[in-house]
Amino acid sequence: MTPVMGQYIRPEAVAWAAFILVVGLTFAGALIAVLPRNIIYNVFGLATCILGVAGLFIFLGSEFLAMMEILIYIGAISIAIVFAIMLSQPMHVRIPPAWRPKLYLSFAVSAVVFVSFSVIVLRTPWAVALERSQDWTVKRLGELFLTRYELLFELISLALLVAIIGAIITAAALGGGRKPEGEP
Amino acid sequence: MNPGFPYLSAILLAPALGLLVILLLPHDNRRAVRWVSLISAGVCLILSIYIYAAYDRAAAGLQFVERASWVPSLGIFYYLAVDGINLPMVLLTSIVFFTGVWTMWDLQHRVKEFFALMLLMVVGVYGVFLSLDLFFLFVWYDVSLFPMYPLIAIWGSTRKEYGALKLTLYLLAGSALVLPGILYVYFQSGLFTFDLVQIAQAGLPVEAQYLGFFLFLFGFGVLAGLWPFHTWSPVGHVAAPTAVSMIHAGVLMKLGAYGVLRVGMFLCPQGLADWSPLFALLATVGIVYGAFVGLAQTDLKYVIGYSSVSHMGLVSLGLATMSVGGISGAVFQMFAHGVMTALFFSSVGHIYDRTHTKLIPDLGGMAKVMPRASFFFILAALAGIGVPCLASFWAELLVFIAGYQAYPLLGVCAVLGLVISALFMLRVVQKTFYGEKNERFAAAPDMTPAMALPRALLAGTILLFGLLPRLALDLIDTGVAPLVGMFK
Amino acid sequence: MTPVAPNGGELSLALLAMGLPLLSFFLVFFVTRPRVTLSCAVSLVCSGLPLLAAIWLLAGHWRMEAPILWELTWMRGGGVAVTFGFLLDPLSLLMLCIVTGVSFLVQVYSLGYMAGDPGKAKYYAFLSLFAWSMISLVLASGLMQLYIFWELVGLSSYLLIGFWHHKFSASQAGKKAFVMTRLGDLGFFLGIIVLLLNLGDLSILGLNQQAATRLTPGLLTASALLIFCGVVGKSAQFPLLTWLPDAMEGPTPVSALLHSATMVAAGVYLVSRLFPFFQGSPQALGWVLVIGTVTMLLSSTMAMVASDIKQVWAYSTVSQLGFMFMGLGAGGYFAGVYHLTTHAAFKALLFLCSGVFIHHYATNDFFVMARSGARSLKVPMLSLTVAGAALSGVWPLAGFFSKETVLSALAELPNPAWLWLGLLGAGLTAYYTFRLLFVMWRPRRTQPPAGHAEHGEGGHHGAAVYWVMAAPLLVLAVLTALLGAAGPALESFLAWGRPLPPGAHHGWLVAASVVVVAAGAGLAWLEFGRAGAAQQGFLSRIPGLWNLFANRWYLDWLYRWLLDHVVYGLFSRLFTLNDRRVVDGGIDGFCRATLGAGWLLSLLQSGLLQYNLFTMVLVMALVGLYFLLV
Amino acid sequence: MNSLHTYLFIALVLFCIGLFGLLKRRSLIGMLISVELMLNAVGLNFMAFNRFLAPDPAVGQVAVLFIMGIAAAEAAIALSLILALFRKIRSINVEQARQLKG
């Protein structure tokens, strides 16, 4: 960004615009992830939403996390979901519209949660820590993972390993021995 | 006080050992199973008769004491002893148990399980009667109750699942009142001991006794057939097989009355004073009501079931009077009614086995067909009516006198119940045993002498204690007198 | 009058009399029952020896001055003690002789009457049981002992009435007798409790001596009336009188023994036994008089229309018992006891004679008997006549004298109505007795039977049987004829040998009673006895009265109605319904409600994940809110 | 833009949309997607607190990284379960999986 442009376009305005874009991306993606009946749209919505959240992470000062977010959610989870969709639900099956009362009920419950959590958010006196370190670096993160959060780190790895093995076993064995049609 | 040989533990152990041996025996060896049961019952009977005779009536108080700390931190003791109140009950249990096992000699269906469960039940009954520790008392109480369900549901007859379920639910409901009662007493006494004698001697706070007695009265009262919590008992009697009916009506119902007496009245004498009018009222209603309902029954066992309600009402009335006469009468009535009702059920059991009906309209003229069975039934009926020189007469006499003294109006109503009970007993005797015999059963065999022997033992007990009531009452008085002292 | 302890002889004799019948009962019932002859022998010996003991005791104490008392504690519990023992005084000795005497004669008679009956040994066992109860009742030293044996007497009565229990009517009658007397005993028992709680002493001597001074008049009257309730039941007085005619379903010797001479007289005996106690309350004695009078008249009318010979004597028994109570109620202690004594003799005789006829002709209907030639049995016929005449009060038989004493006791009362009622009763008695006698003596062969024939008990047997039965008749007939002369002696004996106060002698009373008896007998002669009489009473021309009398004044109907509609129909049915519907229904309803609630809750478990999530999330949100806001 | 509340509300909206989806969707995969949204909202919250409140800015990031790890594991398991279920009942409609019905 050149200083010339800076005369016309103020950095704060750019930041604002970017922020609004990111928030919009998040909400729009979330809505797309939830509302359409076609599951493929939902996955794309999820990806969009993840992009927005990654942007928010940047705004919150952690580029590393934004990167990880995109890597894991879009690169791993969304792809896995797409595979699952391809392996399960045939695309051409028409999905009937949702049962109305259930829709309303869901909305009502969500609204209640929204209201109550809003109240919580607003009424809690958020206290800022007295001393704040300014060390946002990945290096610091790495150190923490290998020192104070060592055990958790290991546990998470273990959990992932177990999850993967479990997923394989579940998908392979618990499927009920019924082979997909067409195979000998 | 140290008798040397632990007689009471031996009484408790004999059926338990028998149970173990039976469990180890092979399934198809019915003979051995029967003999083991009979021998363990016989050992109990002999030991009971011995301690009944050896109890020092002049010294009175608790004798044959066996006391050992079991869980010191909670104050739980293994504490067995007998006095004038539970000694007759132990003797009663032994007699009924012994005759019950003998009566079921011809059982063919799942013999091993039957006798095993019966022995388990009897261990529990002995445990309740002998234990003076609230914790053990409650544990034994539940041990004695739970075999009832399989015993009725497997070997029973008429609506057996319904009867078994109803009985179990009622008794568990009662149990559910007793347990909080015991814990309440445990904490209210401030001693943190389950030792019944210690708590009774220290005395509970007066205001705690009100609730405490309420819990015990209705908790144990359910098992004693206290009106209006009585309907499980006729249904259960009807459904149960012969020996189970005998033990059930003869002994188990006494557990309830004994619990009210031993736990409720010993621990909460002041509570009894508060609840006594209601207690007496329910008892009297039970006496009259049971007799009237008995009038309308057509099933022999229902008739006896309702007569039990009526007679157990007498026990309750006696307890509610708070006088030596009334309580002695109640204890004696428990004994007498136990023997009498066992005789009833064993005779009806024989008739049912031979004719496969216990409906009164189907029978008739049985006195010609089965003179022995009829004799025993009629003797029991006469005892139930309160004919003098049979054991229950004396008990009823004492209860009526005490009842009239404490609550004149209720006493009169209770005596009126006597007439009604005479009417319905004689009606049953007439319709079942007299009149033209039903040709369908004309060839039904009478009891063999071997099977008449256990019944004769019961009948002999009724006559013996009827002719010589002091045999029991002198003993009972020694146990009751100190209790009544606590009411003052 | 302080009692003395018995010496060895008295003790052993009394215990022998009390114990032997019990021994005999157990022996016969449990041991010798299969061997009939042996059983009869045992029973006879065990009833004969008490008779000898009784006579010995009576003779030995003819001039006794103090009662003999012996007691031991039978039961003791909670301050209540029941004693077992005996009290020998003139009254109990006299009654002991009557009981053992009649009992022995009836047992001899039964040898013939029950010959061939399959249950003969059991019958003798029951007779022994009865003898034991009755003897112990008579000798009882305390009221509680008396009550106990009073009940046992009721039990043996039940067993003997229903002896032929394959007959429905017999078992029904036994039950009726037991329950109705039980109803009366209820009062008796309550009376005993009242006395026990207020006096603490139930000995008969104590009651007679102290009750009047230690009890308030109200309590005294109440307890006396309660005790009299028991008497009403046992002695079949109004309103509990209908069981006794039904009790005739028992074998005839049983009727003779229990239901005329001894057991039903126990009520009279009890009132005499406690006579000083009853005297303490004029109201109670007044009630005794009223009940006795009503019963006597009522049952006499019933006897006037009966055609069953045993029924006639049964009604007559009730009526004569009422007569005894009139005497006692009027204050005539000796009158009641004396009539009891003579009545025992002639009524037992009447029944035993009837038994011979019933046995012989296998019917209970005396019209049929007469037509079948009852006249030919000379001994029973003569005995019947003697006894009937005694019952009517014909001079010089025993009944005349005892009836006179009762009537003179009635004449002492300020109100002459009682005497007139007594005389009326005597007239009715003469009428129905002579009605039967004339029918028996002068049968009408051509005429259709006045009543329907019923099948009686027994059947035809040989001469040996006849004479075994006839021998006791002769003994009793002699007694009936002679007892009248023993009146003064008995009176002084019963009064402890003290000189009697000179009673007012009513010469006109003798005349009046003779006139009344003659009138009754004359009416019977006109209707039944004279040649060409239609043998139909004047009552058969008044259907209303006939029905009333034949249906026992509808008392039975009333009881049946009460039993069916109140006891069974109302209480029993309602209570049963309550048990099924309310109590059981409540519990079952509760159980069903529990099941239903479980079912309802299970609806929430739809298996749909998202509905569970709704609840979960909602609750979490609200709980969070709650903790934050509150 | 630079206040805690802003981010908290953004996260809350995201969370509620996810919740709405979770409650509404009949497709199990759709529900999984919604769960991912909610997880993201939570991560956002963590980061917001980390940015504005926490003494050590590394801690929140650690937490978010953990969440991501868990999310990945969860997705793997969930997807395999969905596949297994699909083979069993030939549907991934949650309303057809009613074996838990009482």
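Each chain gets a letter, A, B, C and D, in the order it is written, and its residues are counted from 1.
The criterion applied here is as follows: a contact is a pair of C-beta atoms (placed from the backbone, for glycine too) under 8 Å apart; a residue touches a chain by one contact, two chains touch by 3 or more.
What you see is a predicted model; the values in this text were computed from it and never measured.
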item: Top chain pair, ranked by how many C-beta pairs fall in contact; value: A-D
item: Chain A and chain C: spacing of chain centres that average the CA atoms, whole Å; value: 104
item: Centroid spacing, where centroids are CA-atom means, of chain B and chain C in whole angstrom; value: 37
item: Cα-centroid distance, chain A relative to chain D, in whole angstrom; value: 7
item: Interchain centroid distance [CA atoms averaged], chain A/chain B, Å; value: 73
item: Sites on chain D at which at least two other chains make contact; value: 19, 23-24
item: Residue list for chain C, restricted to those that touch at least two other chains; value: 610, 614, 617
item: Junction residues of chain A, two or more chains touched; value: 102, 105-106, 109, 113, 117
item: Those chain pairs that satisfy the touch definition; value: A-C, A-D, B-C, C-D
item: Residues of chain C defined as touching chain B within the complex; value: 73-80, 82, 148-149, 151-152, 155, 158, 162, 165-166, 168, 170-172, 174-175, 178-179, 182-183, 186, 189-190, 193, 196-197, 567-568, 571-573, 575-576, 579, 583-584, 587, 591
item: Contact set on chain A toward chain D in their complex; value: 15-16, 19, 23, 26-27, 30-31, 33-34, 39, 42-43, 45-46, 49-50, 53, 56-57, 59-62, 64-65, 68-69, 72-73, 76-77, 80-81, 83-85, 87-89, 95, 98, 102-103, 105-107, 109-111, 113-114, 117-118, 121-122, 126-136, 140-141, 144-145, 149, 152, 156-157, 159-160, 162-164, 166-168, 170-171, 174-176, 178, 180
item: Chain C-touching residues of chain A, taken from the complex the two chains share; value: 102, 105-106, 109, 112-113, 116-117, 119-120, 123-124
item: Partner chain C, residues of chain D touching it in the complex; value: 19, 22-24, 94-95, 97-102
item: Touch list for chain C against partner chain D, complex; value: 601-610, 613-614, 617
